[in-house]
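Each of the two complexes below includes chain A, the first together with chain B, the second together with chain C.
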Partner chain A sequence: MDAYDYLFKFILIGDSAVGKSCILTSLIENKFKKGSSHTIGVEFGSKIINVSGKRVKLQIWDTAGQERYRSVTRSYYRGAAGALIVYDITNRDTYHHLINWLADARTLARADISIIAVGNKSDLKDKRAVTFLEASRCAQENEILFLETSALTGEGVEEVFVKVAKMILNKIEDGMQHIEEGLGYHGLFSGLIDPATMMSGVHAGARSLLNEASPAEPASRCISC
Partner chain B sequence: MWSDPSAGRSASLAAPPSSSAQAASGPTPGTSDPGPSSSSSSGPPKKPLVKLQRFGACFAKEAVDLNELRELLWSGVPDEADPSVRAKAWQLMLGYLPVHVERQVTGLSKKRREYRELVKDYFERSPEMRSDNENQILRQIRVDIPRTNPGFKFFGDAVMHGIMERTLFIWALRNPASGYVQGINDLITPFLVVFLASYLNKRDEDLHELEISEVPSEVLEHIEADAYWCLSKMLADIQDHYTFGQPGIQRMVLRLKEIVKRIDEALYDHLTNNGLEFLQFSFRWMNCFLMREFPMRCVIRLWDTYIAEQASGFSNFHVYVCAVFLVYWAPQLKMMDFQQMMLFMQKFPTEQWRPQQIETLLAEAYVLKSLFHSSPKHLS
Partner chain C sequence: MAFSGRAGGQQAFPASHSLARLQAFVESLQAGRNAVSSAAAEKLEVAVSLLTMPGTLSLEQVRSVCFYGLPDVTPLRKIYWMILLGVLSPHTERWPDELRSTRDKYEGYINDCIDPNIMQKAQVGGPRDANAASAHSIREGRASLSESRPASDHPLNRDRQGAWHRLFEGSELFGTIVKDVSRTRTDLAFFRSESWSLPDSQGSANGGSDAAADGHTAAGTSAAATSNGAASGPGPVSFVERLTRPSSHVDRMSRILFVYARLNPALGYIQGMNELLAVLYFVVHSDPLAHDEDPLLLEAEAFFLFVTLMVHQRDFFLALDGRSSATLDDTLEQYAGLLHQRDPQLAQHLDHMHIEPHLYMLRWLLLGFSQDMELPNVIRIWDTILADNPIAIPDIDTSLQTLPTAFYIAVAVLRVPELRSQLLSLHDREEVLRTIQHFPMHDIQQILSEATQIRSDDIVARRERHDRRQQYPRNLERRPTWEKAKRVGEKIIGTLFRG
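Up next, the complex of A and B:
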């Protein structure tokens, strides 16, 4: 069933070659693709995950890390409800740049964006150049979440997305997260809502707008993916 | 005649993507004189053999007539040709190989010597002398090279990595306005494949399993220098695709949008109503000239025409190719929502495409470009 309760838009940012695309592939296809190419501009992926009993559909924009592409990738921030800032635990420079990426996200995205720092390549233990402790302190100081992952083994990958989604769900419960209740082009009345207004990064899914008890069938007809 | 532009065109474009036979039996673009500066008029359809002879005759002249070569190359080097024909045509067309036959040998060796000097000056300097910026460029090149994978085993070889590292690094330092931008590593690969095929006298399709250790080092030196100079020529006029803000690419995306709106408004509306922005899917088409969208054999065929168009600005023509390519998928796209379209356009089902299908695209693009240029008011 493709029905979902919420649709969250995420962005993957961070230096080139830290493993953003591999994390996305690991999440969606459950495998590690060796020899995949670097990202030009942006790539897109989607997956439905279960978070606290809710079905959350993630639409994820995986951006290119090179500085030159910022002019293109920056336009993806404003629509995002969640951001993963990825660095490579074997490369200190990519860790130092975390702060710059965070500043970008803070200025370009909505104020209620939920952010996690992700230390990737945790399988490369011998080459570790950034400790878990210092990164987790840094995340705490900056009031963002933190986890380590390995796109190669899959360790931590789904958790990262679940963690951010959970945070967003909590904000929704506390009334601190802006939700677009419109059905828009993902819902029942396709085309009624101007996509340009759908900037919150969080949309209620058709399932939540229908009666919870009603079968997901009507929704799945409209929300095909 | 242009009042309903999509009607006439989509008939030939709407062929199901898998039916290569249908596409191949479609219009044969090259044979009917599409070259931009061609002077001769089109005769009856020419057989590959005749075309081969024409290439031969063109090269045999004391001084190669570039207009004649442009017309020939525009419509593609035939499959039957000796692998050296394409390499030679590209090098001549890009102004790398001298047109005067008696100057070709000395011209090439001079350029290769020059390249060796560049390697000394830019690359073999001690690493301590490199600036932060240079180190950063080198870092980026080094992480991209192992991720350059156009489907040939030898691109995974350390020796090939060295070749790419030197050529890309030197190109970046000599073009400081852009420097190295991800994707330029993709753009050097067709040159490396075509020149290797030429030296080894193999078809490019037979190089997939090639081991670099089988290739004499002298040959490797030559293709490295040749690829460097040809890449430089190819990118010479499109610097602003890779400078800050990438204005050249932004411009092309905008133009693509205008053209698609004109030729298939229903598709245009479908895309925009679903919240799809042209930049989201076509940025890569512009940045890498559709290289990521096609298998190498098709890219090489595409480049025959682009290199023939190089003097008049192939990026202008490229936008029409992109428009035709997008409209080609209109029947499928129109059935899809935002997410389906994004995923579909990230990985078009083109793995099985043959060069003949590229020729169909090119022919359509040529017609389209002529129509737009002969009545520019349609664009305002």
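Up next, the complex of A and C:
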């Protein structure tokens, strides 16, 4: 168990077969899972990344893309601090649906959720159906971040997560994101969970690790939704 | 309509092929020509002799043979599963008729789902066909179009009732299904579309050697005459082509799901159905002699196995739409109670991290573990699951009714020592969930014997509770009520804090 300064919940959303799970596998295992099947419900992952000198733990919820799973997956949005809306650069339909996913994220997660549009499969250059330029314009108009990735080669994958985490951190530092001390049970579904509360009284080992993480300031912070 | 070209003058169809094969197999066994290990031989003899007994089968016996795992000898499993799911009746003498009607019904469904007018449109009106089709068929097609349809019916008319709308809708549905089916179990060569081409995909090359393939080619050539060379093109044309003349296992599985979705608009097609079907489809086709069998009969068998399996799975799939049933919630609650009883330490650990069962159970329940195990293990576990599926249990006392087997298996999986100790050492919610979801369930025997044990203990516990309640009704009323109140209270508190 590693120590960390912040805990952010991220959701991976977007149409079916755009490569959400492959992005997650690429981030966590540094490899491409060939022939993987569709996600049923939700899959999970977590990873600690370094962002502007802070150790940020990401709790990632990778959701099923099919419309029929929408009402189940929506229940997973709650309290997410960051969202990756993934589309497939070789499939225009998945790009057009970006706007619906965006609306979903803003209404169901939290109003100040930090979002990035991710154009995946950037390795398939000759099949490209969505240009970098138009997607980046669309992202700008909707005030979200934008990057292209290839889960196959791993290009841009970690960058995407770092970019969103950085945005959230900036908001915290600017005081735009409200910070509170630990709120016990409240941590259940919130995106930014107080690590100390999650651990409290369970395992001394974990706690001591947390304590040495940042002795000057409290290691635990919870940002309310 | 091209598809039913052969439906009319159907001759006596070899619908009893699999039965004949079974008989031949039994004979070869008796002659000692099949090498089977002694332990397996005994199992096999029990399984085979049960089926070959004259008269009506005892469903109880069929269930108990299947529950402990069928021998891997074809086509035994297929027949057992068909009995368990109710595709075949316990009356063995009716099987040939039942199989034949299975095939005929399925063919009828296909024809119902592929509207002949739509097909005609796709064939004569499709952009790719215009050049390729003969002038004659175009003239004929145009004539029939202008006669039968109002002027408003054209490809750009998105009227929901319009035939063109249905064509596009069907094409979209089929496209979604094919996309999923082509990425189902691709680790097995059997499911990779390019590696398997069925006998009936060869056009007229089969001659008259095989009654089954013959029927298909007849239909095939007539379809090809009107829709020349549109097989590989995208869009509605190729979709109708693939539906009417499937040329691979992917096409056939897609057609099964397409027909099912069309016949069940309330459910439609949902991701995950392809995984369930793949298991059934494989079992139907894993018979080495299935090549000689009529491909449409095999497809029909897989279709009906799927339809009847979906009767049991329906609740889980409906729950996805938020149409959650009270029974499912109740069952999940019972499952949580069971886990607490069986392994309080682990259950508390999971509770502490707010790992609700549905977060990891959803996939297991929906797919019957089929995405979490190697196919042979899935098949083995389904022997038990299907055998235990209550086909019709009279609702005398629900407290006596056991949980569906999948729930006992779920507890058993978490109890696998390797996984359990790993889970207890983790203190991160997502890591715990990821570990559960990615645990390779290899040791299927261990899991199943643990599950069986948990189940029989649960039966005993339920009986005891039941008996006690009968003896001291008042005393016992109190405890469950209090426990329920506690649970409700916790739920309310949880919701308040979460909100």
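Definition applied: the second predicted complex is superposed on the first by the 179 of 225 C-alpha atoms of A that agree within 3 Å, B and C clash if a C-alpha of one lies under 4 Å from a C-alpha of the other, contacts with A are read in each partner's own complex, and residues count from 1 in each chain.
The criterion applied here is as follows: contacts are C-beta pairs under 8 Å (C-beta built on N, C-alpha and C of every residue); 3 or more make two chains touch, one makes a residue touch a chain.
Fair warning: this is a prediction, and the values are worked out from it, not measured in the lab.
**Q** Mind working out whether A:R137 is in touch with chain B, chain C, both or neither, as first, second, both or neither?
**A** neither
**Q** Check whether A:I60 is in contact with chain B, with chain C, with both or with neither, and answer first, second, both or neither.
**A** Only chain C; A:I60 stays clear of chain B.
**Q** One more residue to check, A:K33. First (chain B), second (chain C), both or neither?
**A** It touches nothing on chain B or chain C.
**Q** Counting only touches as set out at the top, which of chain B and chain C does A:S16 meet: first, second, both, neither?
**A** both
**Q** Touching A:K127, do we find chain B (first), chain C (second), both, or neither?
**A** neither
**Q** Counting only touches as set out at the top, which of chain B and chain C does A:H96 meet: first, second, both, neither?
**A** A:H96: touches no partner chain.
**Q** Of all the chain A residues, which ones make contact with chain B and with chain C?
**A** Dual-contact residues (chain A): 16-17, 35-38, 40-46, 59, 64, 66, 68-69, 71-72, 185-186, 198.
**Q** Which residues of chain A touch chain B in the complex?
**A** On the chain A side, the touching residues are 16-17, 35-46, 59, 64, 66, 68-69, 71-72, 75, 185-186, 190-191, 195-196, 198, 224-225.
**Q** Mind listing the chain B positions that touch chain A in their complex?
**A** 140, 143-144, 146-149, 156, 179, 181-183, 186, 242, 244-246, 273-275, 279-280, 283-284, 287-288, 292, 337-340, 342-343, 346
**Q** Show me the residue ranges of chain C that touch chain A in the complex, using the header's touch definition.
**A** Of all residues in chain C, those touching chain A are 176, 179-180, 183-187, 268, 270-272, 275, 319-322, 352-354, 359, 362-363, 366-367, 371, 427-431, 433-434, 437, 493-494, 497-498.
**Q** Which residues of chain A touch chain C in their complex?
**A** 1, 16-17, 35-38, 40-46, 59-61, 64, 66, 68-69, 71-72, 78, 184-186, 188-189, 198-199, 202-203, 206
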